[in-house]
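Both complexes shown next keep subunit A, but they swap its partner, so subunit B is in the first and subunit C is in the second.
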Partner chain A sequence: MARMKFLCDAERCIECNGCVVACKNEHEVPWGVNRRRVVVLDDGVPGEKSISVACMHCTDAPCAAVCPVDCFYTTDDGIVLHDKDLCIGCGYCFYACPFGAPQYPQKEAFGVRGKMDKCTFCAGGPAADNSDAEYEKYGRNRIAEGKLPLCAEFCSTKALLAGDGDLVADIYRERLTRRGGRPQQWGWDTAYVEKG
Partner chain B sequence: MTIKNATLTAAAVVLATGLAGCWDATEVTVHNPGEYKGEADPLLAQSASARTDTLTKRFQLVQADR
Partner chain C sequence: MTRNRNLTPERRRRYWRITLASVVLMVVGAMALPLTGYLYVGLSDAYAQGGGAEDSNPRANYWRAVRAGQAGSSADGVNYSSVTGRPMPGSDALWLNRETENLINGDGQNWRQIRNRVIAVYGGWILFGLIVVMLHFYAIRGRVNLEDGASGVKVLRWTAWERFVHWVTAVSFLVLAVTGLSLLFGRSILIPLMGPEGFSVWAAIAMGLHEFVGPWIFTPGVALMIAMWLINNLPEKGDIEWWIKGGGIIGKSHPSSGRLNSGEKLWFWFIATFGVACIVTGVILAFPVEWAQTRSTMQLSNVIHGASALLWIAFWMGHAYIGTIGSEGSLEAMTTGYVDVNWAKQHHDRWYEEIADSAEHVTVQQPAGGATGEPTTAKA
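Take a look at the complex of A and B:
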């Protein structure tokens, strides 16, 4: 059984934010909500690393464990989704999530939060596939169309991979084998060693 | 207690403490979520294995290294 996972290859990510733009555009994500963002470590220092972060669709999802209204569910292939009609915007999932994935649109004055929004692995939510209701609440359902998340498909350096964890791991393992050397190495030749 | 016994005892305590530091719990804490109470997702009605082939082909087409 496939288990869908994201992986960001820090050696390849060039902080172009293409994944962020692709996500926001594909799902018409409102201002103030970032389902995906690029984090830079040691910014400006030689050897700096960037990684693209969103919901990692945890196998043992802490957001689902703490949700007081049980609005989370996991598909057979490991995609963690939620029902916005049940969500009360309490923010527990935000505190539980190690990646800061849950986002809350500001609905009214005084910081009143709306219902939680997060990466859906482009799999929509509990509404008819690619219906207007689904698109409005959760964004496009590319999985139902036989496609994978646009952020990964859009990535120009193939730093961000999304798909069956086994396939993603195979690609990353092959890259690491080709690169060799210590993990502290950096530079163009480290990320893009040609296939032999 | 002789000096030899005291030394052996101290060595045993140090060894036990050192070995205790090497031990690590391997049990995984699984936080069981509650039962989902929302609407049914049509995606859940489909078998994931039915879409695995399609998504694998898509992955090889778009994301595999060339």
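Take a look at the complex of A and C:
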């Protein structure tokens, strides 16, 4: 069985936020909730990099480990999903997640959280595939339609890759090989950059 | 047997020396050779310090810094994301979905390990073990009865206001303990019993109750108790003697005590320290956006809250034991407000001496059987 993976090539990402827009539109994600975001490292400094991040669908997911109602499950494709019918909006998954993937809609006063929402790798949730109930709670189930996540499909520079981890790794490895001699390669500094 | 026929004693000694030397060489070599790994590491370190470090991979170093959560991995860089959380209405603080500029924060893994493997595991065994210990203690020691029986004359120990504050706090403590334990242990204990759907309903109720009762009922109750009983809990001379005698837990001795004995004082000061820490962190957790808390703040608060709450429950079990089945006449002090004069003399002799002349004594009934003690005359 394939193990689904995201990979964002920081040498290609141009911070267009197309992935963010594609995701929000495809899944009708409510205002204030963002399943995917682009983070710029070293903003405004030479060498600035941007990288698109969402749920990374961890093998040993911290969110699932701390959930008091045990609402997370991993599909055969290695996609981490959760059951909104069980979620109580306690926020523990947000404390545990390294990537800040879990998001909450505002429910009431005092910052009470609604049910958690996060990237589903466009694989919906426990409700019947492509049913109205599934779309309302989890968004489109593109995986059930034989398609890959829309964020990656949408990416203008093909920085964001999504799919079977083996294929994604092959594509990225080939890119790295073709980039030989570029400044990011180890050794360039040693050979050509004068040491201070 | 012709093997040694040509060997002179001299040659035989020489063979022995060679054999012995070979064995020693093998043993020493076998022990010393693996140690050359240290030599290799030492040399590598020396090489790295002497300029080798400049040859390390700058890209790997960059991403290592990013992975360590250093925002902006170059000297003067900061991170940024145009995708931010949603502002709270009427507040400058941002909504829950904040810290979007933070690419990766590994603290959550530490929190997960501490919560799931330390607090839940050891906390659970401490509570379970304490119940077992207390059952055994009760089986061996039994109830501490009134030595001279009831005198039938009672004296006021807790005012109506004190009892009101105590019981409001006590009931909310029970609600918080049951709901809090449900959220920590429910996944391992209640889900197998109730099923995930049933437990989810209970967990939602438990979380709502916990977040309402905690800040709005329990916190004022504890604050009032600390304020009104502080004066009774200041240390005094008799406390040392009380602790030397172990509070009379074992044996028949009754250490002298004021209005509150030293064990009760320890309970008070536990609440004034650990309990206050539990409440402060609880308020931080219950209002997740009020002060724009970060994830790291919430993780730390959760650890302190869970650990202090479990200790509090453990201490409370001792408090509830002595206040109910452990000691005759203690419960009625907090329910009716009055205690028997003999109870006061037995458990809080110095307090009774202080108030004996001024307090109002109420004659409730003649002592049962009439054999124990003369009815005390009521004093105005």
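Quick note on the criterion: the second predicted complex is superposed on the first by the 180 of 196 C-alpha atoms of A that agree within 3 Å, B and C clash if a C-alpha of one lies under 4 Å from a C-alpha of the other, contacts with A are read in each partner's own complex, and residues count from 1 in each chain.
One rule holds in what follows: a contact is a pair of C-beta atoms (placed from the backbone, for glycine too) under 8 Å apart; a residue touches a chain by one contact, two chains touch by 3 or more.
In this text, all values refer to a predicted model and were calculated from it rather than measured experimentally.
In the superposition on chain A, contact of A:90 is made with subunit C only, not with subunit B. Of the two partner chains placed around the shared chain by superposition, neither subunit B nor subunit C is touched by A:21.
After overlaying the two complexes on the shared chain, residue contacts for A:99 are found with subunit C alone; subunit B is out of touch. By the touch criterion defined above, A:62 reaches both subunit B and subunit C. In the superposition on chain A, contact of A:127 is made with subunit B only, not with subunit C. In the superposition on chain A, contact of A:37 is made with subunit C only, not with subunit B.
When the shared chain is aligned, subunit B and subunit C each come close enough to touch A:70. Counting contacts as defined above, subunit A residues 62, 65-67, 69-71, 83, 85-86, 195 meet subunit B in one complex and subunit C in the other. Those residues of subunit A that touch subunit B in the complex are listed here as 1-2, 60-62, 64-67, 69-73, 75-77, 79, 81-83, 85-86, 123-129, 141, 143-144, 146-148, 152-153, 158, 161-164, 167, 171, 174-175, 195. Listed in rising order, the residues of subunit C touching subunit A in the complex are 54-55, 57-60, 66, 72-74, 76-83, 85-86, 88, 95-97, 99-106, 108-109, 111-112, 115-116, 183-184, 186-187, 191, 196-197, 199-200, 203-204, 207, 211, 286-290, 295, 298-299, 302.
Against subunit C, the residues of subunit A that register as touching in their complex are 15, 17, 20, 31-34, 36-45, 47-48, 51, 53, 62, 65-71, 83, 85-92, 94-100, 103-104, 106, 110-113, 184-186, 189-190, 195.
Across the complex, subunit A is touched by residues 28, 30-44, 47-49, 51-52, 54-56, 58-60, 62-65 of subunit B.
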